[in-house]
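Below are two complexes that have chain A in common, paired first with chain B and then with chain C.
Moving on to the complex of A and B:
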């Protein structure tokens, strides 16, 4: 209990420290930033436009998002958008984790699958997101099965999944292959088949490798959702909001920061959710002893 | 043949040749040996003499290139499927996420034994290896010697008539090792199981065994089989710490060493015992 309190206090202290640094620099930093030579800016400008006061950013959250009558506060708009993006990221994460696990199982089961698939898995992550986003949207537009029609948000979730599956497949593959030869031979001596060995030995042994992979996948899914929202042009999420609010930064510099905080919050919530999963799998985190 | 007279292990004319591309490594050449029911037989020799390979062949973790092996009159594969043997390796190989008791129960669980019966059996075995108070601990809370005792208890879980042990005490310190040897003698007496025991320690082999199979490398073959019984030693079930000081013990150690070195070692009758 005391340790968790300490952790919370340290976390708050960390945020406060960043805020304090920000405003200190703003108070004492040169207006035009620090230039090396003619054009290379090494420290930012400290104008109100470039660096609004931290309290202004917070204050702006509680003011109406737009000038229209009856508009929600910026905070309300950001929370809505963050929830929307989080939902898409969560779907992407689930699909990505499922696909990643299945690929890892396939690669563990068949040596040929590993040598055939692994290069493609690695290669898949070198394709720039911006390049595949419009393709996914175009392909998706042709999908129509019964009453189900492909929406843009499905495309975004798919791209989130495309980023999320990678760490899971690599981590799970390493984990599933981690049992020592002694353990595998023991299973063989017990006359146990591949599936029983998977359940009794390989899956539990993979947990210490899987947990960081799931966490990475959550971060990837969030980033994938935010970026894909922008490149696909999906409204309603944080990604699009970052772009929209940035456009009004000229007259309302603090406003542009609201969706950025929202994106950070989405990332934190996603990481926290995976953290809960970690607690549930704690018994399997014991490392190898012999 | 009645089951009682069937040898626990019967190895006849076994070759094992490993082929890697163009290389051929003869791990075993024309090996024949048998282990009677309830008998304790050690395999000893320098590394590369194929002693572990021979044990793996008996356990059906590998197949011979030529020759035949039978375990209780069956093929090794059938014996493995029937769980006729228990096995222990140099690494204890306990599953770290399972408690000590559920590690011991693992083979029983995998073969569909009910939980009440499993519990009873693991309690019995924990007592046998002297770890009554550690059933709920996890392996990482135990010392190396204790982990190895758990591994032996696990090997005994299904009351096998044959134990295969591949240097089970190899990673332990000398003091723990001697204590474990004493316990193994007692366990074998209590269970009446035959044992095939791989080791590279001469005194360990002599202390534990009825017969010591001396092997030599390149190609792996049997040099001689030394009987480690007789007046001062008794059968493998009767050994106590006093045996370690008996003259007969040193004679047998010297005899095994002579075979290992290929020529008589002059005047060795001393206390040097490794």
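Moving on to the complex of A and C:
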């Protein structure tokens, strides 16, 4: 218990430190930033426009989002949007993790599959997100199975999955191949089949590699969701909110930061959820280092 | 393997985590469905023809006429059940239309001309905006009052097809792209306000207002129009046609689609006439559709959009040949920073037609709808700080 209290305290201290640094820079930093040459800004401007006070940003959260009567507070709007994005990211993560694990299994089982698939897996991540987002949306628009019709949010979840599957497939592949040759040979000598070896040796051994991969996948899924929301023009989530609130960056500089806090919160919750999952897999964590 | 037994507390927490994830998933699904429902427009009556419209940006008063037509039931009166699909930075409306995913799209003429040359079979069936809203704004002390003054300045542009009027204006004034520092502009005007950009691109209905919603640190009051010089491309003579309704060229030979096109244009124009007569209601319709813009900003935008449409020379939607030719001419002859032009040869005949809008206007005039707005006068909108 004392250790977790310490962790909480350290966490709070960390946030306070960032806030303090921000306002210290704002107070003492050069108003016009520091320029190298004529155009390269190496230190940011400290104006109210570029860096609102931290307390203004927090205060803004509790003011109405828009001037409309009955408008929710900025915080309320951000929480709604964050929940929406988190839901999409969670779906993307689940699909991505499933696909990643299946690919890793396939590549472990068949050498040919590994040499055939691995380059494509790596290549898949070099395709820019903004290039595939409109394509996915367009393909999705043509999908209609029975009463199920493809919505834009499915496209966003798919893109999140597209980013999330990569670390999982690579991590799981390394993990599944990590048992020492002597262990594998022992299994072989016992006459144990591939599936049994997988369950008793390879899967447990893969956990230390898998856990950081799952965390990476969670981060990727969140980023994928936010960026794809912007790309595709899906309303309701944090991504769209960032673009919409940016419009008031001039007149209401603190407001533009609200959805950014929302994005941070989504990332933290996603990482936290995966952290809980790691607890369940704790018995297998023999050598995890991260 | 030292210990591979699942320990109970860990397992519980794990299951809890999994449940949490699944719940989040389920919640997300619910939210999404609600959102999708909200996007639909009254799909109660069965005999309406479903029609989808792709916008080129998110819901904002730029599209007030269409939202008003949905809200006021103008489309329903014409037997149409219109669903409006919002755009985004990477959504190209004309491509979505050409791919057959929607029935109509809103886009700027110069942006579409390039797509048509690359094979998109789409047709401008109603030129809703008669005037261009693109300007280049600068603070008075920079002394930039004409395109020639841009020489040696940091000039902002969003790119992505928004830059051609600027480039054409500069080219006419003998200012080459090498004579300026072209700066990529973001969604906000901070770079302009901070002085990184001397002359920034600004739509009259959006970015110009964003500046006027910002407190001038020197006076402690909001910036005033007097603080700014505005280069208006309509005055310079390099304006290009902007928001138009585009239809699929191939499908126009299908009688049902042709009829539906007339009905769609008719109800849309009716929507715009409604917005002209009651800008506040138009702005509210957009806000009700989920736009996050501040109240005064939304009304400002509605009012500025009205100025682009009204008064209309030949009736809203009519494509003026001279204006079309000017747009095509600029598209053919203006080079961007890579030396490319929008198009290399004149667009095909099918690129625009007045056939459908003429029918729509005739029907509207018969019904007594004012489609010319000859005595239109804009309202006065007071912008509040932050547009709220």
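Some points to look at:
Keep in mind that, in the parts below, the second predicted complex is superposed on the first by the 286 of 290 C-alpha atoms of A that agree within 3 Å, B and C clash if a C-alpha of one lies under 4 Å from a C-alpha of the other, contacts with A are read in each partner's own complex, and residues count from 1 in each chain.
Going forward, contacts are C-beta pairs under 8 Å (C-beta built on N, C-alpha and C of every residue); 3 or more make two chains touch, one makes a residue touch a chain.
As the structure is a prediction and not an experimental result, all values here were calculated from the model.
Looking at the shared chain after the overlay, A:201 reaches both chain B and chain C. In the superposed model, A:255 lies in contact with chain C only, and not with chain B.
Touch criterion met: A:284 reaches chain B and chain C at once. When the two complexes are superposed, the chain touching more residues of chain A, out of chain B and chain C, is C.
Of the two partner chains, chain C is the only one that A:245 touches; chain B does not reach it. After overlaying the two complexes on the shared chain, residue contacts for A:185 are found with chain B alone; chain C is out of touch. After overlaying the two complexes on the shared chain, residue contacts for A:86 are found with chain C alone; chain B is out of touch.
In the superposition on chain A, contact of A:165 is made with neither chain B nor chain C. Looking at the shared chain after the overlay, A:209 reaches neither chain B nor chain C. Within chain A, the residues touching chain B in one complex and chain C in the other are 200-201, 204, 283-284, 286. Only residues 180, 182-183, 185-186, 188-192, 196, 200-201, 204, 207, 283-284, 286-290 of chain A touch chain B when the two sit together in their complex.
By the touch criterion stated above, chain B contacts chain A in their complex at residues 59-61, 80-81, 83, 85, 87, 89, 91-97, 106-107, 110-111, 138-140, 144, 147. Residues 39, 45, 47-50, 65-68, 77, 83-84, 86-88, 90-91, 93-94, 130, 133-134, 137-138, 141-142, 151, 153, 200-201, 204, 230-236, 240-241, 243-252, 255-256, 273-274, 276-277, 279-284, 286 of chain A touch chain C in their complex.
Across the interface of their complex, chain A is touched by residues 1-7, 10-11, 13-18, 20-22, 24-29, 31-32, 35-36, 58-59, 85-92, 95-96, 99, 101, 181, 186-190, 193-194, 196, 206, 210-211, 213-215, 217, 222, 287, 290, 292-297, 384-388 of chain C.
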